[in-house]
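What follows is subunit A paired twice: with subunit B in the first complex and subunit C in the second.
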Partner chain A sequence: MIQVHKTTDSKLSLSHILVAYAALTIGGICGMLQGLVRGGVIELPYGIGYYQVLTAHGVLMALVFTTFFIIGFLYAGMVRTTGPLLPTVNKIAWVGFLMMTVGTVLGVIMVLLNKATVLYTFYAPMKASPWFYVALVLIVVGSWCALVAIVSQFRYWKRTHKGKISPLFAFMAASTMILWFIATLGVAATVLLQFIPWSFGWVDTINVMISRTLFWYFGHPLVYFWLLPTYVVWYVILPKMIGGKIFSDSMARLAFILFLIFSVPVGLHHQLMEPGISPTWKYIQVVLTFLVVVPSLMTAFAMFATFESYGRSKGAKGLFGWIRMLPYGDVRFLAPFVGMLLFIPAGAGGIINASNQMNAVVHNTLFVTGHFHLTVATTVALTFFGVTYWLIPHLTGRTFTKKLNRMGIWVTIIWAIGMVIMSAAMHIVGLFGAPRRTAYTTYNDHPVALEWLTYERVMAISGVLLFIAIILLVISIVMMLRAPKGEEEFPIAEVNAAAGQTPAVLDKWWIWIIILAVLIVFAYTMPFIDLINSGPGSKGWVTW
Partner chain B sequence: MHIHRLEKLWIIIGTAMLVVFLVAIGIGAYAMGNHPPGHTSSIKLDPEKVYETPPFDNPGLEKIGENEYNAYIVAYIYGYNPGNIEIPVGATVHFYVTSADVVHGFNIPGTIVNMMAIPGEVNEMTYTFDEPAEYLLLCNEYCGIGHEYMATTITVKG
Partner chain C sequence: MDARRDQMESKRRENGNNQQEHGQDEPLKGTFASVLMLGAFIAVSWIGVFLLFLNRS
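Presenting the complex of A and B:
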């Protein structure tokens, strides 16, 4: 059993995690301010703009916190399951870390200078400073170094263990990074080929619909890039945490392959309300979108099967007796578990968003904001918080104390309550038509808009609650870095003996990548031909 | 590959529900005509020459039948041209919307009129206003510093 903190790679992993939490802290301050402004509670001082704060919140939370945390966590797990990173792999990983960090700092400076108040989706033809786009390139190319590092380490393991099935964690880490690479090809294409030449003034115009389509080619698999590492925790780590076993290794791998395949050729469901794309291709991509229901159902089954088998092995009686056997008093289990439960309503909301017709009711309203505050900001974030409470002690060779556990439980409870209230208010007021990404307004006291105010105040209050949770979390992290020396386990579960052999085909990447490539070409070729044949492009606008 | 008996059942039931659901939205789209807005056959225009290109050289309402109108509307920072539209109750309106600058939203809360106004493209949607009221028309896509002021009304007279 490899203890990551005894390798030089522990510093690499820890550096990623700490940058992630620095981003979460600043992003959290922005989030709280935003809620208070939108609710009409405060006004921002010193000429700081609402949309500037909103841009910082989106970029820091959705791109920086998640990407750094995920990569740091995956490195630690790769070391744990495949051995210390090869010296070259470690070097590539550090290069990636530096590029991503420089990119983040540059991007944040541009936002603070009010040179890039374009929100994290940076829709053309709003034109930010070219250095904002350069910052995005640094973050993306830096993350590709992580892809090279993790896939090289995975291949090295396969070479040195001929004929064996790879460790489940390593397989899932590699699939997460492959998904990320395929997804980021879209954003890299639009930034490198469209935004950078245009913002430096080398070309005059930009094709807006192509840039949006490339963005959403990336934007949807992006959410699966957040979700897959969450599933890694649920599939591989939680069973060990409760003292149980992985229900089925092969079904877990199959679920990941299906997520990989069905999360990319589906971006048009974010563009249902847009012109220039034929309704038939929209519908085809809606169908492909919904196929992720299948691996989601498999994941739900595996989780509850694991919990139930464990409860029964401890002597639980009756149909639901096992529910009482789970270790709710341990934040390392509680936080991801609460995230898992809240993923059920979150998924239901997603089905509404992606439906051809229902999308017209909720598109660009606060309903959508409520949706992703339940998915990424609750399910994913709580799972990552739960990981943090054992991962930082493991990486630093310190112990996870009872006091830390108590802090963590408070963070979990406050965060969950804050998010449930906030996203409930957002979902409801979104159904009434309140737009997302909009500063405080009553539209000249229009009666429709006045009805939204109560909900917007509730959002403001829950934002403050969430910020309190972030303060407790930051205090916990400082406490972890100074906790007593010792050993903290990196939990990796074993497979249930009754699960049977894993077929080798599930470990053969090239088959699944070819299927995915065929689907992408099928789903996007015709829409792109239509868009390339559209009229003249747009010049740039600075409207902030 | 071993799959637990209950898991097979669970996946089969789930997939069957999914098929029913997809068929339902497919019927909604193809048999009942509830496609999302926007078509590829629309007029393509130069975003810099919106006000010189028909029909947006003459934005506003055009009566095309018994209580049926075409509405040619240009979204711009931070308003709609024309604003404050008035129509009789029961009117069917075919909206044709484009943008003169950045991307905007075109949303009438309380209805299913919700679409993107994109420079160089024309978005289309039809809606029948059966209830008399002063409807709010607002921009629901961030478009700049004055985004929260971008709104107007559509008055449906009884």
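Presenting the complex of A and C:
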């Protein structure tokens, strides 16, 4: 086995992972505090605002934790499947890491100074300090360095292995970063062309609708930027964890290509309740949104099939006898598996959100918050937690001990219980009409609002549970860094021998990127033409 | 006739062994049932909220 620890590549991945967990810890403290405030349990001291804490929670969890973890994990997998990073690639990757870290620190400082209490969606016309937007530019451009690094490494492998199908992990890593690049073009456009000139005072007004539309052009594929690395773990790593095989290489690649195509030209389903966008184009993008159900269900099928094939090979009987054969006692399997199970209600909620009429029922309510706490904060986070328990030992030349496993199982159980309770409360009270992004209020003791309070207190209690899980996780990470020296494998499963050969067309990017570009131009040209002529724009507002 | 039956039986046994080697050749009945249940759960959730919409509109 190639020893990866103590190399600059392993330090690169580890640095990303540690920044990710620093962000998770601070973001987790903010999450617990906001839950307690919203439930009317505490009031924040020293003039700290609820929305300030909410902004820090959203930015640190949804943007910083995920982006750093994903990039660190993908680098490690690229090294495992394509060899050590090329020296230039390694340098570019470090430059990207530094830019992202400086951007994160700058952004957090702006939020802590209460100069950027604009929530993680930073909707105009709320106007933050221009340095908050500069911080976002640094994070995005830094992440583009990761794109250049991973795609360059992928292309190098292809050049040196002519005629061969690329390693599945490397293909998926490149897909993830290509998706990220196409998505971040939207956020880069709005920040560079709209927010920065406006916040520095170079122009007086901002076109609010264009900024929101560009945000959601980015915001929906952002969800798939979180989910694709999660699927990498499910498709490529979990089969190895259970001692099984990848069900089908072709199916996995096709699913990723479909995710890439159908996750971008669909942002308008986040804006169904907004005026100023033609219902026809909303309808078209809702249809495109629903097509993402296809690769999602392909993934569900592939997972069930992987587990059942493994169980049957071990002699499982009956319709569901294979379920008993899985290694639930190993956190490296358990955490992603629990995340996978909870993705079922998460996916169902997503289909409800994206349906026009039902969006009218749930729009801007806590139902939506409950939905993304199931997707990103449960499915994605638990999968990443499971990875952490072998990835940090792998990167540092340590061993994964039984004690670490026990800690990890506790983290998984507490996190899953906390998230299930919190999300259930959010979904239910959201259906009763409780709004999201609102500090504690009883609306002058209105009877409807008073009914929400019980659910909001349940959310507060589960927030405390989740914080306990984060403390255990941080302790686990410290233990991993001090664990006995040894070798921990980066698990990559083999493809089932019975699966057919992968067609070369599934390894050719340009075809799929052209199809995606055509779909984006089709889905967004007319809405943007309408929006460009949509009024005089707005001056900035500081609402906090 | 008996020889032919023996040959077929032996081939069936061989196929059975191959199926155990490559678990994927097993009929994936549990997978089929699982995806059907998943689909049903999604449909029920969707219909539930749609009825709520109808009720409120």
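Please note the rule applied: the second predicted complex is superposed on the first by the 539 of 544 C-alpha atoms of A that agree within 3 Å, B and C clash if a C-alpha of one lies under 4 Å from a C-alpha of the other, contacts with A are read in each partner's own complex, and residues count from 1 in each chain.
Keep this in mind: a residue touches a chain if its C-beta (ideal position, glycine included) is under 8 Å from a C-beta of that chain, and two chains touch if they have at least 3 such contacts.
Computed from a prediction, not measured in an experiment: that's the story for all the values here.
With subunit A as the common reference, subunit B sits beside subunit C without any clash. Contacts of A:384 after superposition: neither subunit B nor subunit C is touched. Judged by the touch definition given at the top, the superposed model places A:320 against subunit C, while subunit B stays out of reach.
Using the contact criterion defined above for the overlaid structures, shared-chain residue A:256 touches neither subunit B nor subunit C, since it reaches no partner. Annotation for subunit A, partner touching more residues between subunit B and subunit C: B.
In the superposition on chain A, no contact is made by A:234 with either subunit B or subunit C.
Judged by the touch definition given at the top, the superposed model places A:49 against subunit B, while subunit C stays out of reach. When both complexes are overlaid on chain A, the residue A:301 reaches subunit B and subunit C alike. After overlaying the two complexes on the shared chain, residue contacts for A:347 are found with subunit C alone; subunit B is out of touch.
Once the two complexes are laid over each other on the shared chain, residue contacts for A:279 go to subunit B alone; subunit C is not touched. In the overlay built on the shared chain, the residue A:312 is in contact with subunit C alone; subunit B does not reach it. Our summary of the superposed model lists a minimum C-alpha distance of 5 Å between subunit B and subunit C. Residues 247, 297, 301, 305, 351, 355, 357, 360-361, 499 of subunit A contact both subunit B in one complex and subunit C in the other. On the side of subunit B, the complex with subunit A involves touching residues 1-4, 6-7, 10-11, 14-15, 18, 21-22, 25-26, 28-30, 34-40, 42, 44-48, 77, 101-103, 105, 107-110, 112-116, 118-124, 134, 136, 138-149, 151, 153. For subunit C in complex with subunit A, the residues that touch the partner chain are 20-26, 28-31, 33-35, 38-39, 41-42, 45-46, 49-50, 52-53, 56-57. By the touch criterion given at the top, residues 49, 51, 54, 117, 119, 123-126, 208-209, 212, 247-248, 250-251, 254, 272-279, 282-283, 286-287, 290-291, 293-294, 297-298, 301, 305, 351, 355-357, 359-361, 363-365, 432-441, 443-444, 446, 448-449, 499-500, 502-503, 530, 534-539, 541, 543-544 of subunit A touch subunit B in their complex. Only residues 244-245, 247, 297, 300-301, 304-305, 308-313, 319-323, 344-345, 347-349, 351-352, 355, 357-358, 360-362, 431, 496-499 of subunit A touch subunit C when the two sit together in their complex.
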